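Two complexes, one shared chain (chain A), two partners (chain B, chain C).
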Partner chain A sequence: MTTKAGYEQVLDGSDTNVAQFERRHHTVLERVQHILHNNPTFVPVIVLMLSLVAFWIIAGGRFFSAFNLSLIMQQVSIIGMLAAAQSLIIITAGIDLSVAAIMILMSVIMGNLAVNFGVPPTIAIIVGVIGGMLAGAMNGLLITKIKLPPFITTLGTWSIFFALNLWLSGAQSIRSQDIDEHAPLLKFFGNAINVGGARITFGVILMIVIFVVLWYMLNKTAWGRHVYAIGDDMEAAEMSGIRTERTLVSVYMLAGLVCAVAGWASIGRVGSISPQSFYEGNLQSITAVVIGGISLFGGRGSIMGALFGALIVGVFQSGLRMAGVDVLWQVFAIGWLIIIAVAIDQWIRRVSA
Partner chain B sequence: MKKLLTSSVIALTALAGAASADINACLITKTDTNPFFVKMKEGATAAAEANGISLSTFAGKIDGDVESQVAAVETCIASGAKGILITPTDSRALTPVITQARDAGALVIALDTPFEPASVADATFATDNFKAGVLIGEWAAAKLGDEAANAKIAMLDLNASEISVDYLRNNGFLQGFGIDIKDPTDIGDEDDPRIVGNDVTNGNEEGGRTAMENLMQIDPEINVVYTINEPAAAGAYEALKSVGRENDVLIVSVDGGCPGVQNISEGVIGATSMQFPLLMASLGIDAIKTWAETGTKPQNTEGLDFYNTGVELITDEPVDGIPSLTSAEGLEKCWG
Partner chain C sequence: MTPVVSAKGIVKRYGHVTAIDHADFELRPGEILAVIGDNGAGKSSIVKAICGATVPDEGEIQIEGKPVKFSSPIEAREMGIEIVYQNLALSPALSIADNMFTGRELRKPGFMGKFFRMLDKPAMEKFAREKLTELGLMTVQSIKQPVETLSGGQRQGVAVARAAAFATKFIIMDEPTAALGVKESRKVLELIKDVRARGIPIILISHNMPHVFEVADRIHIHRLGKRLCTIDPKDYTMSDAVAFMTGAKEPPAQDTV
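For the complex of A and B:
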């Protein structure tokens, strides 16, 4: 041991341990916060379970019957599909106000071609689905090439698509009977299989398939990782070599495609093609996404959350109705759900190591 | 100074009067998407052309869009309209701006939906919506005969705002059916056990289907369905069809749109009360012309606080004592 210089002798009295992280004691709440940070879908799943049990107690056994639970699935199926499309956009830190307008417009195009112009239904559906992708591409290109904010872009295209829908439909519904006669294929997703009291429509199955496929794409492919990276930090994504513009346009096109398919499914769900249905579909889809724990700031949240979010809204509406609660209190309850969901999201974001 | 100002105002007024030989009028509808209002606009436009009136038309974006209607009335005031025809999207909220319009010298006529109170406007040309409800209520009760005492009724209404058209049709139906309606301006305050429940449809197919599904969850044996309009009825029918009950339920509705009348002939809807939007609009334009030329205001139908433009029951299964038209006759008179 070498002799220390005089000025170093003060070190003798100091701690000689190697520097280390302090093993701080975590409170239960902090642990919960941490778990939720890593698994953002836990909250909606827990809320869904709790609300099912709560309404089972409040509204009775009829609420919890297989038929009613399958009915809730049917009632949320279309908004669920829109929420899937919306999730894709919101994960990129964008927002799409035009999802429902694209959906209705494409269902009107399909119906008009097949019922009024005698185009084979298969062709009509293909035209509608391609139309959905083009509508999405329009959103995506305006956002990436002209650099318009997504909110403004889709606020504009919402009105444009809605006006086109009214023009093409003449504001008239296409009647169920006319669809049955000319193009029953349009109602394909209204068919159902009955399993022990439950009535599972093809539309419900389609919704689940859409969620599973999109979940796979987002979590198991390079494209999906790019989408999350863009939502988290656009510049960092760009610098790490992701072709952000091209990816963004592809996201909007895929969302448009999902909306068009939802348009097809909506014909089976509603029975007729009504230009006035689902006017608030865009807001309902955002509601489902937010309640599902997907962060509006982008880059965080699982698309499965949106499915649970849509189901939570459906369970609340069905449960409150069966308990004989007036419609306005349903609206009231959904409002609080949104605020609580975002508050929880903010709390989780503040997680410390 | 004050005198000078007054006289120049008079001069200006005189000038304006001389310059506008043409009569300006406005038509403001709830939306321009509902075929009912599309037809109304057609009727008004045709009548305006025939009378040499220049007509501007406005509409809300959706049912309940008060903002757009207020802005439209303000535009009409600013453009010096002699008369305003309006289907108020909210029977109470528009009162202040309508009063402004009347103060500015415009004749304001409510079409289809009355204001509350009706005296907010100079006149109301409307369907007797209560009567429209009574007709389908009486028809449903007569159709069921003795079974009416055990009926299970679903009420599919418009929306949470409970506007006048909504409660008038709803309560008219119940009274026609023979149910004590309690407060005639309130929906859902009845305690008759035959009513299974009320739900809202937003007046479209999607809402009609969902509402019917919901009420069937409360009581799957519903056998009478009242609907606010025919698109809601079509939606309710789809819900019944999905559980195979479409043939044991009576669906009644109000409107008289052509798709609705066609649904009568195909047995989807049992009976509907037809109203006449074209007539409302053309009468409205005539009234504005008379007002501009002679300063006389239109009179109400006796015993009512509005001018009744008529209502007809359309059904292919007529019952004794209630005059009705067949769907074939209805198709000649329907709108949209």
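For the complex of A and C:
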């Protein structure tokens, strides 16, 4: 220390300890808060376990059978895939209201091409998947180039994609028999393997594969770190050398791709192609993401949380139905789940070091 | 000796406002050049023009004698110019190691890195730990802890270490001590001198006269959008510098040192 300004000379004699605060004994609650802050997926995992046990007790063995649990997986598979796409967007601090609309539009395109126009199903599926990426690119470009807020952009594209879907389909469903006759490949994800009473559809396997691949991309690649950095602090990400616009567009395109693949899987799940199906898919995907502990403010949470979030919703619906509770109370319960999930997220964020 | 940076006649206008008015700038090898000026004098603007954050309307910038035209800070960074921003440009939820490598991550060698683009986290963590240790900053518990759990001084340390680790030409620091307490400022000033000792020149933008006079080899005084003069801190007092930058006193001829 050579040329210290005069008034700082006294620092040499100063106390060299950094500010010490009384080391208060951490309460159990504070420790829990810390653990949850470091591991954001713990909450949904615990809630999922508890709800499984609770409904086992309430609704009995029929609920906890291999068949029923695999049925819950089937029921959440499509919303689960949409939630995976939604998670990508929400981690960047955005929101995508058009996920379900992209999914339905692409399933209608695939169905129309393959069933009504005699295009080979493989080509129809490829066109649909590329269409999903283009729809995502449209969202991404509007958000990055024209600087529109994601909420407004996707509110608009939701209507646009939904209208296109009604126009292309003539508001008509494509019947199951017609799909079987012309393009059985479209129903590929409805196939299942049966193991000990459980019926695992290919759609369920696809959903899990999608989550694992996206988890890998988000956590083990530079692209994934950039996605989190953008959601955390866009300006800081830009200044530390991330090409934020390009990354954001890629996120929306990837989400669009996942939605299109979900569209293909939905044909196997539903059996037919209906332009009116999954109309609440957007909100259900956001519900799964929020219950899964992914912060709506971006940059925090694991995509696996969305999988658990979707499963929690499925478990509640199935369990309450089996316990003989009216449907309206299922909706009521999901509402509380959302509010509690966000409240817990806020509490965890207030963690003190 | 060729200057590291030499800018001549830089002009930048925003509508009717001229932020930079035919300003000159020079950074010499191995020095700490402080840039001071009143609020609105345009000291940030001139530095932004040098690092590519804004593209000047007129003028020429040379880096080590070669003319350059950066259109973004990313291009400047690729040439080995690092910037420590006032708000640090760190992502709070990401780890120290992740933050040090943002935008230039290392990938695993071989198949996993090439085809699955897998990050080499152990290598990144090892490098980050080495760099922080070199600068005497390894007081943090873990290189994997999120930046948001660090104190202000520690965060500043991470940002400076990141710049020092990757800069080959020079480092720009924007108000590095503005948000810190007395002791933490002291630590950062020592850090700045450490970085100079490694032969990397630094452009230091600061409002804090005692800090400027302590570490700077030369002081560039900016006033009304142009360089007023450069002075040697040993020949003038802090009150002189303040008088020059506010226009209370006639400056010495441009480029006396």
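Throughout what follows, the second predicted complex is superposed on the first by the 330 of 353 C-alpha atoms of A that agree within 3 Å, B and C clash if a C-alpha of one lies under 4 Å from a C-alpha of the other, contacts with A are read in each partner's own complex, and residues count from 1 in each chain.
The criterion applied here is as follows: a contact is a pair of C-beta atoms (placed from the backbone, for glycine too) under 8 Å apart; a residue touches a chain by one contact, two chains touch by 3 or more.
All figures in this text were calculated on a predicted structure; none of them were measured in a lab.
S.K.: Look at A:226 in the shared chain and tell me whether it touches chain B only, chain C only, both, or neither; answer first, second, both or neither.
M.R.: A:226 sits against chain C, while chain B stays out of touch.
S.K.: Scan A:173 for contacts with chain B and chain C and give back first, second, both or neither.
M.R.: first
S.K.: For A:270, is the partner it touches chain B (first), chain C (second), both, or none of the two (neither)?
M.R.: So A:270 only meets chain B here.
S.K.: Touch check for A:239: first (chain B), second (chain C), both, or neither?
M.R.: Only chain C; A:239 stays clear of chain B.
S.K.: Quick one: classify A:332 as touching chain B (first), chain C (second), both or neither.
M.R.: neither
S.K.: I'd like to know which partner A:322 touches here: chain B for first, chain C for second, both or neither.
M.R.: Touch partner of A:322: chain B, not chain C.
S.K.: In the superposed arrangement, what residues of chain A touch both chain B and chain C?
M.R.: The answer is that chain A has no such residue.
S.K.: Mind listing the chain A positions that touch chain C in their complex?
M.R.: By the definition above, chain A touches chain C via 1, 3-5, 7-8, 11, 14, 18, 216, 220-223, 225-226, 228-229, 232-233, 235-237, 239-243, 299-300, 353.
S.K.: With touch defined as at the start, can you tell me which chain B residues reach chain A in the complex?
M.R.: 32-35, 38, 62, 159-160, 188, 197, 199-200, 202-207, 209-210, 213-214, 217-218, 231, 234-235, 237-238, 241-242, 259, 262-263, 266, 268, 336
S.K.: Where on chain A does chain B make contact in their complex?
M.R.: Result: residues 62-63, 68, 71, 74-75, 166, 170-173, 175-177, 190, 192, 199, 266, 269-272, 274-279, 318, 321-322, 324, 326-328, 331 of chain A touch chain B.
S.K.: Can you list the residues on chain C that touch chain A in the complex?
M.R.: Against chain A, chain C makes touches at 73-74, 77, 83, 85, 87-94, 98-99, 102-105, 107, 116-119, 149, 182-183, 186, 190, 210-211, 213-214.
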